[in-house]
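Here is the structure we will look at.
When the chains are written out, they are named A, B, C and D in that same order, and each has its own residue count from 1.
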Amino acid sequence: MTELLKIENLKVNFRTFEGVTNVLNLESLSVAKGESFGLVGESGAGKTTLAYTILKLLPIPPAFVESGVINFEGENLLKKSEGEMQKIRGKKVSMIFQDPMSTLNPVFTTGQQITRVLQHNQGLHKAQAKKRAVELMNLVKLPDPENILSKYPHELSGGQRQRIIIALAFSCGAQFLIADEPTRNLDVTIQAGVLQLIAELIRETNVTVLFIGNNLELVSLICDRVGILHRGQLVELGSIKEVAKHPAHPYTLTLLRAIPKEKREKIDLTQIALKAEERLAEKGCRYAGRCLKKEKICLEEEPALKHIGGTHYIACHL
Amino acid sequence: MKQIKQVMVLIAGLLALAVSVTACGPGASPTPTGTGSPTPSTTSMPQVAVVALLSIPVTDWDPAVEFSNGVMILHNVYETLLRYEPLEDTFTPVLATDYTHSDDGLTWTFHIRQGVKFHDGTELNSEAVKFSIERTIKIGKGAAFIWDPVDKIETPDKLTVVFKLKYPAPMDLIVSSAYAAFIVSPAAAQSNPDDWFTQGHEAGTGPYKLESQKMGEEVILTKFDDYWKGWQGKHFDKIYYKKVPENASRRQMLEKGDADWTMELTSEDIEALKANPNIAIEVNSSFENLLGFFNTEKEPLNNKLVRQALSYAFPYEDVVKYAMGGYAEQAKGPVPKGLWGHGDDLFQYNYDLEKAKDLLAQAGYPDGGLKLLATYNSGDETEKKVCELYKSELAKLNIELEIRGMPWETQWELAKATNPDDRQDIFFMYWWPDVTTPYTYLFNLYHSQPEIVFNFNYINDPELDKLMDDANLQAGIDRAKAAQMFVEAQKKIVDEAYGLFVYDKNYVRTFNKSLKGYKDNPSYPHVIFFYDCYRE
Amino acid sequence: MRKLLPVETFEAIKPRLKEFKLTFYLLNRNRLTMIAVITVFLLVLIAILAPLIVPYKEHVISGTNPQEKLLPPSQEHLFGTDELGRDIFSRVIYGTRISLETALAAVGLALLIGVPLGAIAGATGGVVDEVIMRITDIFLSFPPLLLAILIAAFLGPSLTNAMLAIAVAWWPWYTRLIRGQAVSMRERQFVRAARAIGTPHFKIVFGHIVPNTIAPVIVQASMDLGGVILTAASLSFLGLGAQPPTPEWGLMVSTSRNYFLNAWWYSIFPGLAIFITVLVFNLVGDGLREVLDPRTRKY
Amino acid sequence: MPSARVERKPKMLKFILKRLALGVLVILGVVIVTFIMTRVVPSNPAAQWVGPRATPEQIQAAKRELGLDQPLYIQLGIYIKNLFTGNLGKSLKTHQPVIEELKNYLPATIELVLLSTVIAALIGLPLGVISAKKKDRWLDHFSRFFSVGAVSLPTFWVGLFLQLIFYRWLGVLPLGGELSTNIKLFYQVPHVTGFLLLDSLITGNMVIFKDALLHFILPGITVALYPIGLVARMTRSALLEILGEDYIRAARSYGLPESTVLWSYALKNSLGPTITVLTLSIGYTLTNTFLIEAIFSWPGIGSYIATSILSLDYPAIMGVTIFAALAYVVLNLIADIIIALDPRVRL
């Protein structure tokens, strides 16, 4: 297996009024070609930041990359110029965004938006692009493509829009897809359909996926391997089986319990919620503040990822 | 990429246009007038004179109504029976060839010139004269009041007009008035609606007729081929009057040769223009003076001593020197120098702060402590300077002068307020003659009135009234005697210090040296009789 | 043209020290805005200290010195002298005070009219609201400068009247702004509570609603200062504002028109003073708007 | 699902009609407010009508002639009634019907205002885009300084110095007026629409067009300054808002080039507010001409109203005010319609 994406020592910070805050601190993470890798964590954990960092779409300022390497096909994306990135975005790496409501430009019809991307990325003529757009609509199982393509985003439902966004992500044959909680803002009733569509498309196109979610169960439907992200750090990493069946990190345990469907224990939501005022500790484990099992060492030393068997890693002193 | 290109092309095109247009600018646009080159007709260049005016060219095109600077133009389009030459005290016959009057001054007979044509082609006769004057009286606007002495007008024959008067009056001066004495074509007036003139039409006998105009902006006159004096010799073919409200713009136009004649430049501008070899500067006396009026119905200026003190506190020399650039003379009484009835021996207050202090102490204000309000016509730079200089002197007497530049209308209404305490304390105003007689100054400004019009001293002195009225009646009979009587009246006004007699103004004429034949006539303020002018 | 901040902008603005600090921090990000902020403080300082720092104090009140008229800039007269020999530097410096005073007074008065009307309209609703807001609409359909010119002309020219005129042209903006706030405030808990315990309407409006809605209006008003200063200068330029010999900038530019061909310094310094003052106020206003508007606010 | 766009049309019409009705009401309010303002001021229109040095008898006669002896509400009623027939009364000073004077002066001003607005859009828009793109960088500082500066400049002062530089020192541009004297006197100036530049262009009279264009440059720039700044500021702030939107990030993620993102994706979104501001700024520009037309001897409504106000010529003042308010209301309506045409806004 070759590594398509390899991240090393990546540190992304935000400069704010209160000072510099670290939002992403990844020692090492790699995604192999053809693999579907899931990234799970609560909101604010830095999942979307990672996605934007890979595509170099971070708002700078206030964000800035302190250090690190993101190798894609062996080339460091962080060293690429804006022009070079334009050749990568959409064509090699594409992304599905979480909010279908705000991802499409409200003043162009969906058709205009798709054909423009096609014309630019694949050098198609207008007519060709239109034809291809219709095909894409069929691909994402949207009925009556011509009608949909002539509409403005606000005239479509959330599910329809998300399907168009998916179509856009798959439109130019990217080898690497970042799906950022693609079903998060959809009605529960249509979540399944959209998810199924994504899963099918992934299978058909054999694309490498970085799938972001806040729900381990959901992620496990698509992914082979999963990483648990907590406050910018990977706390657990392993195959779906390993992590879902044998969660080792206390945070993962909490996350699993937080899935309402399971209803195994009473959930203490206050434990999950990350308070804005909560400051990162100067040292020690970032989870220590909320960890029910913390010990003295947790407050003093930052744990590193350690191998606990198979492909399973956790970052915990215990 | 496409969009950015489009925008760039657009901007580039715009810039190119601007550059190309400016690049060929100097040749095309500000060419010296009249002498200039690029015109379609190549045979003989029409001679054009350009006048840059301060305000709108003609306020009301009806010659019976116009009572402002529009007469500058109307005097080239219309004519009066006589033209007065005040400096020689003679009359030039215009539409009338000669005239006589009875000894009692009640009957005046004018003989009308033969063969004069109106611009509409009809001929001038005594009926036309009668019609014009009666029309003016009937409309009753503007300066129509000058005809007040007229009882009736008779036309014994086609070329004779007889005025029968209610009381003796100098009809020769009245018919040569700068305002409301124009003769119009009855045919044109009768065959058109009442506001035909006002709408911008004319039917006069003058050397020039109206070619075109943009109301309120500009007027183009062109020569009237059938003018009774004929067109031998050098004359202008067209006159172009244009409103240019900014002083600086008028000066710059004159300097660049874009204007031939302009008015009302500041003394600083005139000083600067002296160095320009292409510009002629002529200083002429005028009948316009600046007067200050004390509110004699209100504390503290109802006190003669205070009024005299304020008269002594006025910096006459500084005002003449710095506000007028020396183009004026301290006034002696209200009737300006050069006009008959001017009192050369009248007492003159001089700038003397010590004396002013003494008088104030006598009046009961040893430490000053007064607060006064002076108003002037806003936008008048000279009046403004006068007020500021005065304020600075009064401050030395511990008198606080508030200065308020007001639009004429509001200033006027303030002066007419029913309660004297609401009115201003000092009112600054220019006066110039309608009919060239001292009575226009004395009657309007110092005579008691049933309603306040221009008597901003609010004096009600029957004795003074009688002095003036008697003098006026005498004017229709014996002008020399009348002049004496007018001086007597002024003595009293000066002694009472009813107001400030600031200065008699000089008209400084600035014009292109190539403009010849121009002669100033103070009875016709700012009028250029273009028939007499030519370019050399 | 003014773009009013959206109402929700101000939900966050509470007069807390931290907010001030945060706002300052955000402003500080833009160097140009920061320079403007410093200049504004400097101008205020000049205005306060004007009587102490002008070299020719008599020239700002009544004194004249015509012998030295229209002298070019020199060591004695940094900005030269005017048509009556007065020191232009002294007059321009003192003019800062006049401009700032006039602008503050005009905006203050506009607030005094606009805020109660808007609060009453918003808090009362119904016919009262309709009537007040339709009147506001009428005043809003005059171009502000035209309205100010008209009123100044009708009241008669003076600095006080110019100030009144500007206030009359400006109040409807504040009425509209505060009404929007008051409407949302009307259904808030504490207002309902106050109403429930029988607090008189008057007291609810001025005791509860006005204090809780005033902050955004004050911010808006401070953004308007630049425009108000320019309007005041324009009125004076037309002869409808300050009266001579008041050292008001617009009046000085207006007068200088007659002399600027011979004395460029007479026009340039008061004109620059207007420009710089209005510019820095506008820059600060722009910066504030950007920082306070949640749509463009970025930490 | 029926197309939403078909549905919008009747709603749009209803919206416009409602706004029109409101506009008429507002104009009526403006008329009443102005009328009352003009009448409570101490002054004497009758005396103005007759002219200076009038006798009391003349003034009395004028009072009757002008209907000033009637009670105020009757005068107002008559005024409003006349208004509907397009009769705005006669100027107290020139005795001309005010409506004729407006017709006489308006074209020059409208031409000046509209053309300056076009210039403002052409310069202000790119300026704002660059500024937003380079936020907090030196190009942004420069552009912001320029655009905020443009709205902070006393236009009357700028006009004076432009004349000084381009007429007096460089001698490349005329001082003022619409046309040169020679052109006025010896050429047949076309009169089709009343707009000089347009007329000379459609009649193909390039000599006059060039001359008119030269005369337009200085007043045009002076008048355009304010809207340039306004458009640039508005474009900048609208773009800043939009550049932070998800769909911009998404567009970039699809690999679209920055120029397309900025000039097409973002700009089209910011066009709504920018055009609105541009439309409304016409109202401001109109009043700005009051200050500068006199400086440039521009034969428009601005210098007319300035002199009318200073001489308290009430019918003229009311005429211009009503026109300005009307223009304002109509422009507002246009701005609202533009916003309503935005596909995002559903009426």
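Basically, contacts are C-beta pairs under 8 Å (C-beta built on N, C-alpha and C of every residue); 3 or more make two chains touch, one makes a residue touch a chain.
Values in this document were obtained by computation on a predicted structure and should not be read as measured data.
Trainee: Chains shared as neighbours by subunit B and subunit D?
Mentor: C
Trainee: Find the chain most remote from subunit C, comparing centres computed as mean CA coordinates.
Mentor: A
Trainee: Busiest chain-chain interface by contact pairs, anyone?
Mentor: If you count contacting C-beta pairs, the leading pair is B-D.
Trainee: State which chain is most central when centres are taken as means of Cα atoms.
Mentor: Chain nearest the centroid of all protein C-alpha atoms: D.
Trainee: Can you give the whole-Å distance between the Cα centres of subunit C and subunit D?
Mentor: 24
Trainee: If you average the CA atoms of subunit B and of subunit C, how far apart do the two points sit, in angstrom?
Mentor: 43
Trainee: Find the geometric centre of each of subunit A and subunit B from their Cα atoms only, then give the gap between the two centres in Å, rounded to an integer.
Mentor: 86
Trainee: Just curious, how far off is subunit D from subunit A if you go by their C-alpha centres, in Å?
Mentor: Subunit A and subunit D have C-alpha centres separated by 52 Å.
Trainee: Residues touching two or more other chains, restricted to subunit C: which are they?
Mentor: 29, 153, 239, 257, 260-261, 298
Trainee: Quick check: what residues of subunit D touch more than one other chain, meaning two or more?
Mentor: 41, 160, 168, 244, 257, 260, 309-310, 312
Trainee: Would you mind listing the residues of subunit A that make contact with two or more other chains?
Mentor: In subunit A, 59 touch at least two other chains.
Trainee: Within the complex, which stretch of subunit D touches subunit B?
Mentor: Residues of subunit D touching subunit B: 41-44, 47-58, 61-62, 93-96, 100-101, 104-105, 122, 126, 160, 163, 167-168, 171-177, 180-182, 184-187, 210-211, 213-215, 217, 257, 259-260, 263-264, 267, 294-295, 297, 299, 303-304, 307, 309-312.
Trainee: Name, in rising order, each residue of subunit C that touches subunit B in their complex.
Mentor: For this pair, the touching residues of subunit C are 61-64, 66, 69-70, 83-84, 153, 156-158, 239, 243-245, 255, 257-263.
Trainee: Please output the residues of subunit A touching subunit D within their complex, sorted ascending.
Mentor: That would be residues 52, 55, 57, 59, 82, 86-91, 94-95, 97, 99, 102-108, 116-117, 120-121, 152, 154-155, 165, 168, 171-172 of subunit A.
Trainee: Which residues of subunit D touch subunit C once you look at their complex with the stated criterion?
Mentor: 22, 25-27, 29-30, 33-34, 37-38, 40-41, 136, 141, 144-145, 148-149, 151-154, 156-157, 160-161, 164, 168, 230, 233-234, 237, 240-241, 244, 277, 280-281, 283-284, 286-288, 290-291, 305-306, 309-310, 312, 317, 321, 324-325, 328-329, 332
Trainee: Which stretch or stretches of subunit B touch subunit D in the complex?
Mentor: Residues in contact with subunit D: 1, 3-4, 7, 10-11, 14, 18, 21-22, 24-26, 28-31, 33, 36, 38-41, 46, 48, 50, 55-56, 59-60, 62, 65, 67-68, 140-145, 195, 198-199, 214-218, 220, 238, 240, 242-246, 248-249, 252-253, 256, 258, 378-379, 407-410, 412-414, 416-417, 434, 444, 450-451, 453-454.
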